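Shared between the two complexes below is chain A, which has chain B as its partner in the first and chain C in the second.
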Partner chain A sequence: MMFSAVVRLSASGIRSLARAGPSYTAPLASRCYSHAKAETDEEFDARWVTYFSKPDIDAWELKKGMNTLIGYDLVPEPKILDSALRACRRLNDLASAIRILEAVKDKSGPHKEIYPYLIQELKPTLQELGISTPEELGIDQI
Partner chain B sequence: MDTSRRLGQTINSVYSPLSVKVVSVMTMSLPKPVMRGLLSKRLRFHLPIAFTLSVVAAAVFKYTVTEPRKQAYADFYKQYDAMKEFNAMKEAGIFESVRPSGE
Partner chain C sequence: MLISKAPDLTYSRAYINGPCLTHPKARRQLVENDSRQFYIYPTKMLTSRALIRGLQSSLWRSVCSTSALQGSHSKVVDVIDCSVPQYNNRLDTPLPDRPFVKHDQLSAEQKKLKEKEKASWKSLSKEEQLALYRMTFELTYPEMRKGSDEWKTVLGGVFFFMGFTGLLVWWQRVYVFGDVPHTLSDEWVEKQTQRMIDMRINPVNGFASQWDYEKKQWK
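Let's turn to the complex of A and B:
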């Protein structure tokens, strides 16, 4: 009984931090929401892909978008990162492109299987846009 | 290609403690891992433990430190004779307002 209270507390606390973040599949999720329809993971991803796909996106919007995205309790999907990297290309910002890769590696935390998967999925994009990974540049080691 | 070799090295260094198939990892693609809700999953596990351990730590401190201390004070003052102690101090000559009975 007490455990579920703590879980509900922690779930709602995290959700209030995530604001428009992705929906949960946990059974307790439905109790914490208002009457508004919960955004699905696909809708969330699509929204962010669209955000970074803006043709005339500016540097501030790129940084703001990335910082907001990194604040969520998730590692961004490859398609969101692809869109963000292409935005970096439009802005001629190679530094931010590489920083995005460093950021998602850090977001994975102890889950070391996420970053290699992301690099695998992004390999075509990285090659097309000519973006080196931090590992290739040797800047991933302290 | 150097990038492929480096990528292979990265993947191998991640996977080699876990899998025997080190060389063939380059040819098979990695499955999609869970990428959402990692923090909430961690908190769901650790917060109840942290909460419980804090309560236990407080309880242990209460019953091994504060309660024995309170009991020690209670036991001391149960048979405390204030007048006897006062007279002992008076005879020791520490007061200015009342001198030992000899003076």
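Let's turn to the complex of A and C:
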């Protein structure tokens, strides 16, 4: 019983398999990306610098901007932070300025070299505005 | 008719504005209470109406804390006004919706410091800058990140109660359980085993297959 079934398969089944056309293979070059223009890093930075540079920025906009920026999967560039710190100065909010520095240090996670770089780049601004770093105030340790 | 002012634990209450409900076993009672209407469904727990009324009047009134149901009751739990911006300590929200110490709760010297903040920050000492920070934020990032030792307490508690349970089980074994059946005694098990070998229990892969019938010993 079993053998006749096998013979039946071998006679017609394999032939029908052979008759099947070549299977479809997608060409490697085309991917299904969106055709929208992706924002470059420079455009992103410029957009955020402009956001914080608004002369009459209000406290809510500063908070919203910072919380959104920290929500992204990146550490902001020094120029964005510089703009944000100056916004804090316009709003007479020193605590938020120090908080921003803490937040970017936390944002760098295991990459311990990012924060010293940011402080080094921001040093002129920090000195100009008189902002102490969390380390200088001793709040980087418990 | 049940007039209930307190949260009712024996009946599930549906707060309804519209027409009828389709619960098949509902014994619906319309209760007029402060011009609101409650449809009350009895749960499987059969409690007498008098008991419920008694409970509601004596015990549960003190439990409810919403002002809508309190009436003249004045004991209130710590209520947070969720209609105003809240402060929170979150790593992903560096600047919360409001400062930690609210503006109208600042002391006189804190207010003076806030005025000084409007001038150049270079004139602020380190202590003053720290004070300004602490006015606005409760916890620093390292303080937020710091864990606690609560897990040790939890684990200790778990082991303690497991040990206590072990003591209870031991006591139970000694004082509650009777003797083990005689069919588990060594003598009986020996005879039983011999019988199983003689009967050739599971001779292919099981019990008797482990007995060597020529040498009369276990394989």
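Note that the second predicted complex is superposed on the first by the 109 of 142 C-alpha atoms of A that agree within 3 Å, B and C clash if a C-alpha of one lies under 4 Å from a C-alpha of the other, contacts with A are read in each partner's own complex, and residues count from 1 in each chain.
Note that contacts are C-beta pairs under 8 Å (C-beta built on N, C-alpha and C of every residue); 3 or more make two chains touch, one makes a residue touch a chain.
Here the structure is a predicted model, which is why all the values come from computation and not from measurement.
Of the two partner chains, chain B is the only one that A:I114 touches; chain C does not reach it. By the document's definition of touching, of the two partners only chain C reaches A:K105; chain B does not. Touch criterion met: A:I142 reaches chain C, while chain B stays clear of it. Look at A:E43: by the touch rule set out above, it reaches neither chain B nor chain C.
Touch criterion met: A:N92 reaches chain C, while chain B stays clear of it. Of the two partner chains placed by the overlay, only chain C lies in contact with A:I131; chain B stays clear of it. Look at A:L74: by the touch rule set out above, it reaches chain B but stays clear of chain C.
Shared-chain residue A:D58: touches no atom of chain B or chain C. Once the two complexes are overlaid on chain A, the chain A residues touched by chain B in the first and by chain C in the second are 132, 136. Chain contact summary for the complex, chain A toward chain C: residues 62-63, 66-67, 70-71, 89, 92-96, 98-100, 102-103, 105-106, 129-132, 134, 136-142. Within the complex, the chain A residues that touch chain B are 2-3, 6-7, 10-11, 14, 22, 24, 41, 73-77, 108-109, 111-114, 116-117, 119-120, 123, 127, 132-133, 135-136. The residues of chain C lying in touch with chain A in their complex are 91-97, 99, 117-118, 120-124, 126, 129-130, 132-133, 135-137, 140-143, 145-146.
On chain B, the positions that touch chain A within their shared complex are 2-3, 6-7, 10-11, 14, 29-40, 43-44, 47-48, 51.
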